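Sharing a structure, written as structure tokens. Questions coming.
Order of writing sets the labels: A, B, C and D. Residues in every chain begin at 1.
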Amino acid sequence: MKTFRDPVHNIVSIDKQSEKVLLDLIDTREFQRLRHTRQLGLSSFTYPGAEHTRFIHSLGVVHLTKRFIDKISTLKNIDQKYIDELHDNRMLALVTALLHDIGHGPFSHALEKTTKIKHESWTIEIITGDTEVKKILEYHRSGFSHEVAEVIRRTHKSKAIVKLLSSQLDTDRIDYLIRDSKFTGAGYGAFDLEWLINCLRIGEVNGDTEFGLDLNKGLSIAEDFVMARYYMYVNVYFHRATRSAELIMDKIFQRAIELNNLGKIDLPEDLAEIIIKSSTSKTLTNYLNLSENTIWHYIVLWSKHEDNIMSDLCTRLLNRKLFKEIQIEGNLIDFTEKVINSLKEHGLPREYYLLTDEATSSSYKDHYITQKPKSEGSENEKEASEQIFLFDKSGNGIELSNKSKIINQIRNEGIKIDRMFIPEQIRRLF
Amino acid sequence: MKTFRDPVHNIVSIDKQSEKVLLDLIDTREFQRLRHTRQLGLSSFTYPGAEHTRFIHSLGVVHLTKRFIDKISTLKNIDQKYIDELHDNRMLALVTALLHDIGHGPFSHALEKTTKIKHESWTIEIITGDTEVKKILEYHRSGFSHEVAEVIRRTHKSKAIVKLLSSQLDTDRIDYLIRDSKFTGAGYGAFDLEWLINCLRIGEVNGDTEFGLDLNKGLSIAEDFVMARYYMYVNVYFHRATRSAELIMDKIFQRAIELNNLGKIDLPEDLAEIIIKSSTSKTLTNYLNLSENTIWHYIVLWSKHEDNIMSDLCTRLLNRKLFKEIQIEGNLIDFTEKVINSLKEHGLPREYYLLTDEATSSSYKDHYITQKPKSEGSENEKEASEQIFLFDKSGNGIELSNKSKIINQIRNEGIKIDRMFIPEQIRRLF
Amino acid sequence: MKTFRDPVHNIVSIDKQSEKVLLDLIDTREFQRLRHTRQLGLSSFTYPGAEHTRFIHSLGVVHLTKRFIDKISTLKNIDQKYIDELHDNRMLALVTALLHDIGHGPFSHALEKTTKIKHESWTIEIITGDTEVKKILEYHRSGFSHEVAEVIRRTHKSKAIVKLLSSQLDTDRIDYLIRDSKFTGAGYGAFDLEWLINCLRIGEVNGDTEFGLDLNKGLSIAEDFVMARYYMYVNVYFHRATRSAELIMDKIFQRAIELNNLGKIDLPEDLAEIIIKSSTSKTLTNYLNLSENTIWHYIVLWSKHEDNIMSDLCTRLLNRKLFKEIQIEGNLIDFTEKVINSLKEHGLPREYYLLTDEATSSSYKDHYITQKPKSEGSENEKEASEQIFLFDKSGNGIELSNKSKIINQIRNEGIKIDRMFIPEQIRRLF
Amino acid sequence: MKTFRDPVHNIVSIDKQSEKVLLDLIDTREFQRLRHTRQLGLSSFTYPGAEHTRFIHSLGVVHLTKRFIDKISTLKNIDQKYIDELHDNRMLALVTALLHDIGHGPFSHALEKTTKIKHESWTIEIITGDTEVKKILEYHRSGFSHEVAEVIRRTHKSKAIVKLLSSQLDTDRIDYLIRDSKFTGAGYGAFDLEWLINCLRIGEVNGDTEFGLDLNKGLSIAEDFVMARYYMYVNVYFHRATRSAELIMDKIFQRAIELNNLGKIDLPEDLAEIIIKSSTSKTLTNYLNLSENTIWHYIVLWSKHEDNIMSDLCTRLLNRKLFKEIQIEGNLIDFTEKVINSLKEHGLPREYYLLTDEATSSSYKDHYITQKPKSEGSENEKEASEQIFLFDKSGNGIELSNKSKIINQIRNEGIKIDRMFIPEQIRRLF
């Protein structure tokens, strides 16, 4: 038994024989790379304890996935088919749990914006491309890599496994809420994990397999869980200082490309390849070489770059001289014009010195945000995954907001934050 | 009031007016740099939660230093002179608490070995050299930077402040034990901080000011604290996998210099300067630019270096293919010879593939280790700092091991670990 | 410094000199009596860890009251008059915190129902009557006992002290939520106490002094606190098994009086006096002698009483054979009639075997419940105390539900639970 | 699944079908009685949080026993016979875990001293006598009650089960250390339970089945566990104020018997029967009726008794006016004589006002104390149970003190505390 110590789950154990494939995957270069990818990007600017990586989060999701499967397997009065389905696909679930974030690169959101490639695409590429991970998956069982990819794409035929790893109540989300709460030191994400697991149920709702909670025992924990998530958004994920830092990182990438086009900067080769080719298959090796370390190394170099904008932005990140939020007063258009004029007077190009943040913007959506799902694109699938079901004794699933007015209230609200950031010396003028 | 959230102390508050100098120091480039320096170096290879930085540790030491001073200030029946001394030097203590680790660079131990410059020297250089930190200190009060340096050098005339920050029971040590325990997830470093602070005393022992604990109430917590430290050494700081990774890092630096001397490698400029000049005053700027990010960035590059040794060592760190400990059997010299022969047969130069670890080696001593202090260099001062005193109601201080046979037992034992590491394929042959 | 260890606050310290009056009060017979009064009455039937007493809760409220006053005293930008008011009335606040529950007797709710005397009346009587407590208060300062009584009656001129100890965000409520959550083991009552204290503010709202939270930082913790309280009601305070046990205790008292009137039972003298005289001043000595111990001692005796009803009810409590909730089906009146008929057929008098519970009933109100305050008696005062205010930088207080739709949602809902309990053998018939 | 919430283990689950016998046993009057028996007797005088009962402790031991068996069952490389033995006797182990403390009465130590009947005898009597418990055990399986009794007597043929429930590393001890630490709020008893369970092993040592810990991973946790126990003795179980209260309770029983012999007191019938008959079989019903409630009820009555000694002792317990420890100075015999003379001058009979405490006295031994076992009665069995074994990879067990000098140090020391308590007004004279 290989044991990892974890401040969240205490001991995460992986069996050296029966779960060898997990250990082999952990030992790949692609997975070890996650040691250098922080779970919360630049949140440590705001919460200095939040240095935890996607490496330990991934182990945590494996651990929770095991616990969920084990719990369901001991339930009485549920259809045996669910137990069988989870049993038959146990290793698939664990492997997908381990690999679900493997495509994340450094500062994913900024990089995704620049390359227009989502981290999910990299995940699929790493699982199915020319990688150590792929080899180990196929060695384990021919065709296994494609099965894992199907679970990640949510197209796998085992709906139980898909939902276990990707739904409102999935093991990914549960782990990151508790973990982010613990490492930031902000108490908001805390909820009673043991009770949640104790209340776990599975059943069929509208023809789909769904995980959910016991109607009698689980209402309060369901509410508490959703509230925890809500608080983490408001107080941590969308914290103004963190967002400001992330927007600066965006702008550094943007400026790097501009300067590169002008031949005025040496981009690190791996980054250059990715940006230019914008193709996962051609640049996978480059992507795997790239880490936060490289970006930070170049930010130090660029803080002395001859381009004033570049050196200023990089210095700001290094010295934590972040842009400050300015409260919009009066008419938005008039106000914005005044800000732009002021920036112009100080020789600060608006493109780089007026940062706007819509926290419902796509940069976060795929990870965390619950927005009014009904008004969005692929509604039905999305909607399903954003629901929590409460199962009564007969196994009927009722959607949470039918039972909880509080949740219904939050649900209809969503979290929308519009902000404007500018340098402090300009803000002082207003 | 500026508040930082901390998983260890929950809230660390700094007053925006009366403690402005602390906030100004935090905002310097030199201090922000600690965000990129992990408290436990490569321990996250073993304990993947241990990604916490010297940045948050330093904030924690400020917090504890405040709590210690506040506690002493409320004690009855102690000589008023101590309260006055702590009161008069409060800001000096807090500033030194904040800056005590500011000279740490990336992978301190390996770098110290290579450059022969201790991190304390860098700390002094940053505090007294041409830096933002120095400017802020002198702006606060002329001569303040030298006072801070004196506390760090342990030569400051306020013995209370010196001991508060550097002794067996100092706020640095207390913070790192609890913090390292919490972030590794290994329970060993836990002890009851609140009770320890509640039992805090101050007094004179052998003509020296000493912090200590109440004789009646504090014996068990004193023992518990020393035991916690002991367990952290055995299980965390000296963990075999961590030590193996650190030794590989040593060897990477060593190989880099060799290849540099042969003109076969491009060292990052900042690193090159430090290694060549080996002077803190000439290379301070380079040192401040250097971070774990740069080292890791180059380890990725060097993992594809044409030099087999270099690429192998770098690949080992990236893929966590660490060297394994081999149990020495029979006569040490004979055994070592057999190992060397076996390495030779496989074309592995002994200099890079037989790593020996003496965990009592100097690399750790200044941070953590308690060794038989009487057999060491500047005995008296060192010895004093390794003792814990228990004060009776009359204010007499008794050294802990006179009251605790358990501690006496540990004290005489010390922690000595000798290990031999080799590549796994060679170990398998034995 | 006298220190108490507390699983909730860790160390509760009381100064032997400056706070001697608190220690003297703790050492009175009237206060030591609280060691025999459980904070949650019969909740330990449901949550077997919940054996904590009003003794330790009272110490906890003293501790929190100190922390609140200390926090407010360090705030910048608030009117100095609040700091002065809290400073001048500090000892009054601490003493009232200590004594606020001193009038609680065994199984308060049942006893209050029987005697028609509220525990607050006993509190006032103990503070102002012929007691050790009164003597110590008057020895401390002439007229002090009446001042304490005024704070408890909410008529004291220092509104800050009154609100500190009796409002939606008072130290009593905060302590019992955290404490009850911790000792029951049900995670619902957990919230981030440190952050709440960090966000504490004071100011004037509608001409009244009010404690509140910082508008910018405190919204989430305000919501979290109110939600915690809501969950504790639903899951702990109103738990069906606890309520069933409490209703049986009610019925035991009722039967005891009936049998006493018939001369068929020996009541313990102290209980008899209280029930017959129904006067706090004449029976204070009896009341102080009475404890849960006496009641339980007699329940054992009465479990063998010749009266079948009495012996059955007592045996039920001793063996935890509680009445079970029956779901009302169809028309309430028809259903009730069917239940009554069924009880009659089994020779079970409806008066003792059909227990109805309205959890909004008066039995709990004075302790815990927030009900639609606007529809109640002394509306204005009540309403004020049920609000939480958020203070902006200018010191303006905004009522929480104006800022939080979630809280607004809960507020309008209230917690109303109607239940019907009957013996299990009858329930099985339905 | 019936779930209990527990502040220590969070959720304790018992299966309604397969573990029905446990639920039936919990519902007996004899087991429900444990709700009224505090785990730590009068320790709540010192640690006011320590009101937890033997009821919840017994549930905790069931929970840990399950976890131990489950852990051993998943171990590789151990002899299958152990797994089979634990599997075959699983329900026996769980039932014994539940019932191991069922014979405890109110203030066991004082009562044992008075009646000369140990609580273990009552346990056996309840399990094998005319009780609900016996009926349920025999209904479960004929002869089962005798099997349970054999495990408690340590004579059962399954050594694994005997050791699981009664040895240095048994589930009883582990639960009470953690629980007592948590409820007292004194941090000393804390150790990393998860890691201890993770390191659990089983094997044969000197022809006996023994539980133990993994040699490589378990040394530190073994030391930590033994140290935790040591600290709990010194700081909690042997706390001077607790011991003083217990000695007063002793004296109250002693005086009650004397007054009863003189016909000057009405003892509660159940207590009188037990004291007079001193037989478990004849007085079992009385014993089961007796609880702390009855004793406390009478202490209130007796606090107004005409006998001065009786009323004084009872008043002291009610008002927490405990006797104080006096430091013995000079020659013991001379000093004692001086104390006795002083008591005589104040009209205080030495028999009731000079309390001596030998904390190695038999009153605690069977529960908690580790004394120099080799110098005691039934050495071999006792000695075995006080050892912890560390198992190497080949399954060889090495006794802990051979590997740990710290433990060896404590082991040879033992805990011996001799104290003398007298009323405070006399102590002041010295």
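Convention: a residue touches a chain if its C-beta (ideal position, glycine included) is under 8 Å from a C-beta of that chain, and two chains touch if they have at least 3 such contacts.
Quantities reported herein were computed from a predicted structural model and do not represent experimental measurements.
S.K.: What is the set of chains touching both subunit A and subunit D?
M.R.: B, C
S.K.: Quick check for the class: compute each chain's Cα centroid; which one is farthest from the centroid of subunit A?
M.R.: Max centre-to-centre separation from subunit A belongs to D.
S.K.: Could you please state the distance in Å, as a whole number, between where the Cα atoms of subunit B are centred and where those of subunit C are centred?
M.R.: Spacing between the chain centres: roughly 50 Å.
S.K.: On a C-alpha centroid basis, what's the spacing between subunit A and subunit C, in Å?
M.R.: From the centre of subunit A to the centre of subunit C is 44 Å.
S.K.: What whole-Å value do you get for the distance between subunit A and subunit B if each is reduced to the mean of its CA atoms?
M.R.: Averaging C-alpha atoms per chain gives centres 33 Å apart.
S.K.: Show the residues in subunit B shared as contacts by 2 or more other chains, in ascending order.
M.R.: 10, 186, 192, 195, in rising order.
S.K.: Write out the stretch or stretches of subunit B touching subunit D in their complex.
M.R.: Its residues touching subunit D are 186-188, 190-192, 195, 220, 223-224, 227, 231, 234-235, 405-406, 409-410, 413.
S.K.: Applying the document's contact rule, which stretches of subunit B touch subunit C when the two form their complex?
M.R.: Per the stated touch rule, the residues are 1, 3, 10-11, 13, 17, 76, 192, 194-195, 198.
S.K.: For subunit C, which residues are in contact with subunit D within the complex?
M.R.: Counting only subunit C, the residues touching subunit D are 4-8, 10, 27-29, 32-33, 35-36, 38, 44-45, 47-49, 51-53, 55-56, 59, 182-186, 268, 289, 291-297, 300, 318-321.
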